[in-house]
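Two complexes come next, and they have one chain in common, chain A, joined by chain B in the first and chain C in the second.
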Partner chain A sequence: MSDTDSLDRRRMALYGWMLLAPALILLTTFAFLPTVTTVWQSLFSRGTARRPAEFIGAENYQYLFDDPVFWQVATNNLIYAGVTIPVSIVIALGMALWANGHLPGRGFIRAAYFTPTMLPMIAAANLWLFFYTPSIGLIDRIAGLFGIGATNWLGQPETALWAIIIVTIWKEAGFFMIFYLAALQTIPPDLREAAVIEGASRWTYTRRIVLPLLMPTTLFVMINAMINSVKLIDHLFILTKGGPNNASKLLLYWIWETAFSYFDRPTAAALTVMVLAVLGLVAVFQFRGLEKRIHYR
Partner chain B sequence: MSARAETLPATGLRLPRLGLPSLDALGAWTLALIWIAPLVFAAWAAFHSPRDALAFDITAPWTLDNFAAAWVAAPWLRYFFNTMMLVTTILAGQLVLCTLAGYAFARFAFPGREVLFYLVLLQLFILPEVLIVENYVIVSRLGLFDTILGIGAPYMASAFGIFLLRQAFKQVPKELEEAARVEGCGWLGVLWRVYIPAAKPVYLAYALVSVATHWNNFLWPLVVTNSTTTRPLTVGLSLFAAPESGVNIAVISAATLMSIAPLLVAFLIFQRQFLQAFLRAGIR
Partner chain C sequence: MPNDSFIRLEGVAKRWGDSVGVEHVDLEVERGEFVVLLGPSGCGKSTTLRLIAGLESPSAGRIWIDGKDVTGLPPAQRGLSMVFQSYALFPHLDVAENIIFGLKVRRIPKAQRRERLAEALHLTGLEGLEARRPSELSGGQRQRVALARAIVAGHPLCMMDEPLSNLDAKLRHSVRQDIRSLQRSLGMTVVYVTHDQTEAMGMADRIVLLKDGRIEQVGSPAELYQAPATAFAATFVGSPPMSLMAVDALPDSLRPSGQGAPVGRVGVRPEHLVIGPADSRHLPAIVENYEFLGAETLVYLDCGGTPVIARIPGVAEFAAGETVGVGWDPEHAHLFDAVSGRRINSAGGGAGETDDRRNVTHAAGRLASM
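Here is the complex of A and B:
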């Protein structure tokens, strides 16, 4: 009896591993292995034809920390994250509250909010070029009506990053709306009825009942938004290329530029390690949330 | 009765009086119009001569010249074909790999399963986009540089897909599996006859999200392609629209519209399904 049991168990384990093998091989090849080689690579100097790469320890990191551009790009990315995350979440929440209601033209409203999500970032950037082009762009036309002169939104350091931020918010708010919409539909209508009977104002109902119930969704959306603040950089290629003078440069774009324009793999690797470390922190944060949820069940 | 009906609709505790639009409707519509404006404006510009487009002459005559100019300026048909091949290859790979792995995690007990599952989930954070530098080296070493498979391979073992299918398979009642076994199904037979049919809506949702994601993906394809025969639409569009190329903005709009049209039209027709898909895929 126990013999067949253990045989069965062993067979289960074997099947399990066999089923997992293809996915594990690919994950190892394109996620785990490159993570390790990135760390390794970041400890070596940039090899040339005459001088092969040699182990230099943390020198690449030191070099980056001494480089003002690094601090500028890191600051840009922090501002990018610090603005796009809360603003898109708040807009997404507003959108969801509206799109969930019985307003006239609800279908159109939902589609309008969600459409940017379906567009490639490159295409989105092309659309926005129209708005940002100095003096002939739509924004400047409107500004012109009020007697405000032409502004080179993408070409001056004070506004370039903000122009990028606006496109990102436009692109991701509708995506986050979906999750809030789903959560709103799970709130039982009795709660609203009860609130009405108690004479609660709409604001009180939203703040005291809806928002707390949406907390898990907010957490989920926030993690997505954090990841996006690293990932969403495609529009830089069209709109600013990180300029002027690095004013709108973000980390992932800089990694690309360092590796594929300046062919400086070790520095790009060191940068990648730092980005991975930040993402790892986000992951820990998320897994802890997951674990808590599992324990509650 | 009627008072109760008036206070219950989902938004706003009170219905606006007929006639005047409520503040909500006003806000929602304003935001919707702002959100759709870039697209509407580009669409309008694409059908007008560059000079009229930039002059915002609403009365200007409509023209298809921009589309003609854009169409001959780049191998769009080839780019379309490449993108179709790319999303199909990735989806096919993902469906097979994630099904097998999801099945393993959902129904097989083996030592190290929990640890492995966390490792897989970690890939949600170690984004392929961030690893472009080393993945470029690996793909080149495998001889996959500038191939469709090379663009697709890093995305095939999708942690997200594995997770979704694991959840879906876990919800299948064990009795169904046992019934199938009594009828003589083996492990793979059970997967094919019981689990996969039960998870159909999840597959559909995942497929839509995957296609939309990879239709739009840019950075990694940019890194691993360098010829017309493999470049997807997004990369083609970025080369076309780069400021250095000196193409005027009305033609860029036309090209942009052409390249987003298939997905956008599909979205507008199957709006419900798309939204459902994103919802289903997003809720964990």
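Here is the complex of A and C:
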């Protein structure tokens, strides 16, 4: 009796592990193990053929904090995130509210907004490279019509980062709009009618009903936008390579540079660990802090 | 034209492209009246309600509320509230916020808001649930929140779009009484949409029966039951429905007299059918099945291909396949035209109703009291 019981239990346990296995194997191979290795690696010195790597504790981190380039890249990334996240969310929301209305050619408008997201990053960056080209680029041509001279948008420290920011907003807004559109479709039309009967204006309805109901989507989009803001690398390859004078260099690009151009793996690992830690903290804060104010259906 | 009715619809139509929602609806509703728009799905009852509420604008015709032409006015300026089939509660707001949403929108002072909220909570028995979210309420409680939201503003007119269809049968019956007594005590005018004829019969002061976007008959529940204006009204109202039989299939003794031999169908309510011997004075029928329901027995019969239901008081037993005769008192027979389906009041002997000649085209007129 107890034999069949324990057999049963063992069979269920096996079954459970089998269901878990795909996710467990994939996550371990591609997320958990690399993370642990990175943390481990960041604690060692850079090894050469003559001098093997040795344990140096937090020295790599200390080295980073003393490096002015680190602070510039971190500031760049903060500005980049601080501008692209709110602006692309607001534009996405606005476009979604508009494209959700009953206007002619709604499908076309939606598709049009989504196009930037469908373009490969490299293609999009090349497109913008053409827009930004001094003198012969689209922007300077148009500016020329108004008598404004040529500007090297990507080539001067004052404008390079902002040029990258604009490309990102252009690309992200359409992507986030799709999420907002999907969320808007789940709001039953009855709610609008009930609000209208109660005398709510379009704006009141949007502010008091629609926006609160979109909060789960906003949180999701915000976390995505934040991760993307740290993940950006391909635009930089095409557009500025982080220059001029590190003016448009962002974290991931710098990590890549440190690891594969300067072959300083331990420093790159230390940087990666810090990025992961910050991202993790912000995600926890966002979920914890906003959870109470969000209504999940 | 004297215009003392509270709501008046005149020649109202709603079309979407080629499809017709409602066509030529004339209707008047008195102040304080409980009017039920009844009909099968797709008959235009909800459209009519939404036209009155202002959620749809009519393709033709005019609508007056309280003496004011509201045809072009938005819903908020029509002074009415509405209970939706889905209740349309705002899922992220608690009960109290849901109820006073409209008061807040209209910037009613806080003290007054609190007072009205307390009253609405009291009237709907929701005290103690103010802080709950709709997702934490039962179906019946949600329904009451929707009701509270409808009465809190004190609008004299309330639209109800199948407000009970998401409740279970037992609750539906008690809420029916609650809504009715609430409406009476507040003196509200209610326009209520349902496809459930028992709901309509039980609640309405007056029923507006619709079919295919047109008004089929307007009258009190008793009028609709006792003198259906059309064959459709006869079969739609009443449960189990009235049985319709072709006149030429009837034995002479049961044929409506007068007017020679009218072509048409005779309808008899189940409770007016008598089951007797299969002789020449009765319509021969085969017993298909019967159901004993306690106070009565329903007998399902087949009269030469026409299904007929009889309601016999008390216990009755039959053998399936047994041949019996069906008869009725000519006084209780309703005669309908074969083509138009309209009621024909045969002179003399036949149907014994009074001179009830109202028909579809006159349905708009306020009916004389019964």
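The working rule: the second predicted complex is superposed on the first by the 269 of 297 C-alpha atoms of A that agree within 3 Å, B and C clash if a C-alpha of one lies under 4 Å from a C-alpha of the other, contacts with A are read in each partner's own complex, and residues count from 1 in each chain.
Please note the rule applied: a contact is a pair of C-beta atoms (placed from the backbone, for glycine too) under 8 Å apart; a residue touches a chain by one contact, two chains touch by 3 or more.
If you're wondering where the values come from, they're calculated on a predicted model, not measured in any experiment.
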| item | value |
| --- | --- |
| Which of chain B and chain C A:209 touches, first, second, both or neither | second |
| First, second, both or neither for A:198, with chain B first and chain C second | second |
| Touching partner for A:13 - first (chain B), second (chain C), both, neither | first |
| Chain B versus chain C as contact partner of A:101, first or second or both or neither | first |
| Partner chain(s) touched by A:130 [first = chain B, second = chain C, both, neither] | first |
| If touched residues of chain A are counted for chain B and for chain C, the larger one | B |
| A:141 touches, of chain B and chain C: first, second, both or neither? | first |
| Which of chain B and chain C A:256 touches, first, second, both or neither | first |
| Partner chain(s) touched by A:68 [first = chain B, second = chain C, both, neither] | neither |
| Partner chain in contact with A:175 - chain B first, chain C second, else both or neither | first |
| Chain B and chain C contact sites that coincide on chain A, given as residue numbers | 193, 195-196 |
| Chain A to chain C touching residues, read off their complex | 188, 190-191, 193-200, 204, 208-209, 212-213, 215, 295, 297 |
| Sites on chain A touched by chain B in the complex | 9, 12-13, 15-17, 19-20, 22-27, 29-35, 37-38, 41, 91, 94-95, 97-105, 107-131, 133, 136, 138, 141, 170, 173-175, 178-179, 181-182, 189, 192-193, 195-196, 201-202, 205, 220, 227, 230-231, 233-234, 237-238, 252, 255-256, 259-260, 265, 268-269, 272, 275-276, 279-280, 282-283, 286-287 |
| Parts of chain C lying in touch with chain A, wherever the complex brings them together | 53, 55, 74-76, 80-82, 84, 86, 88, 90-92, 101-102, 105-106, 133, 135, 149, 153 |
| In the complex, chain B residues that touch chain A | 7-14, 21-22, 24-25, 27-29, 31-33, 35-36, 38-39, 41-42, 45, 54, 56, 96-98, 100-101, 103-105, 108-111, 113, 116, 118-138, 153-154, 156-157, 159, 162, 187, 212, 215-219, 222-223, 233-234, 237-238, 241-243, 249, 252-253, 255-256, 259-260, 263-264, 267-268, 271, 274-275, 278-279, 282-284 |
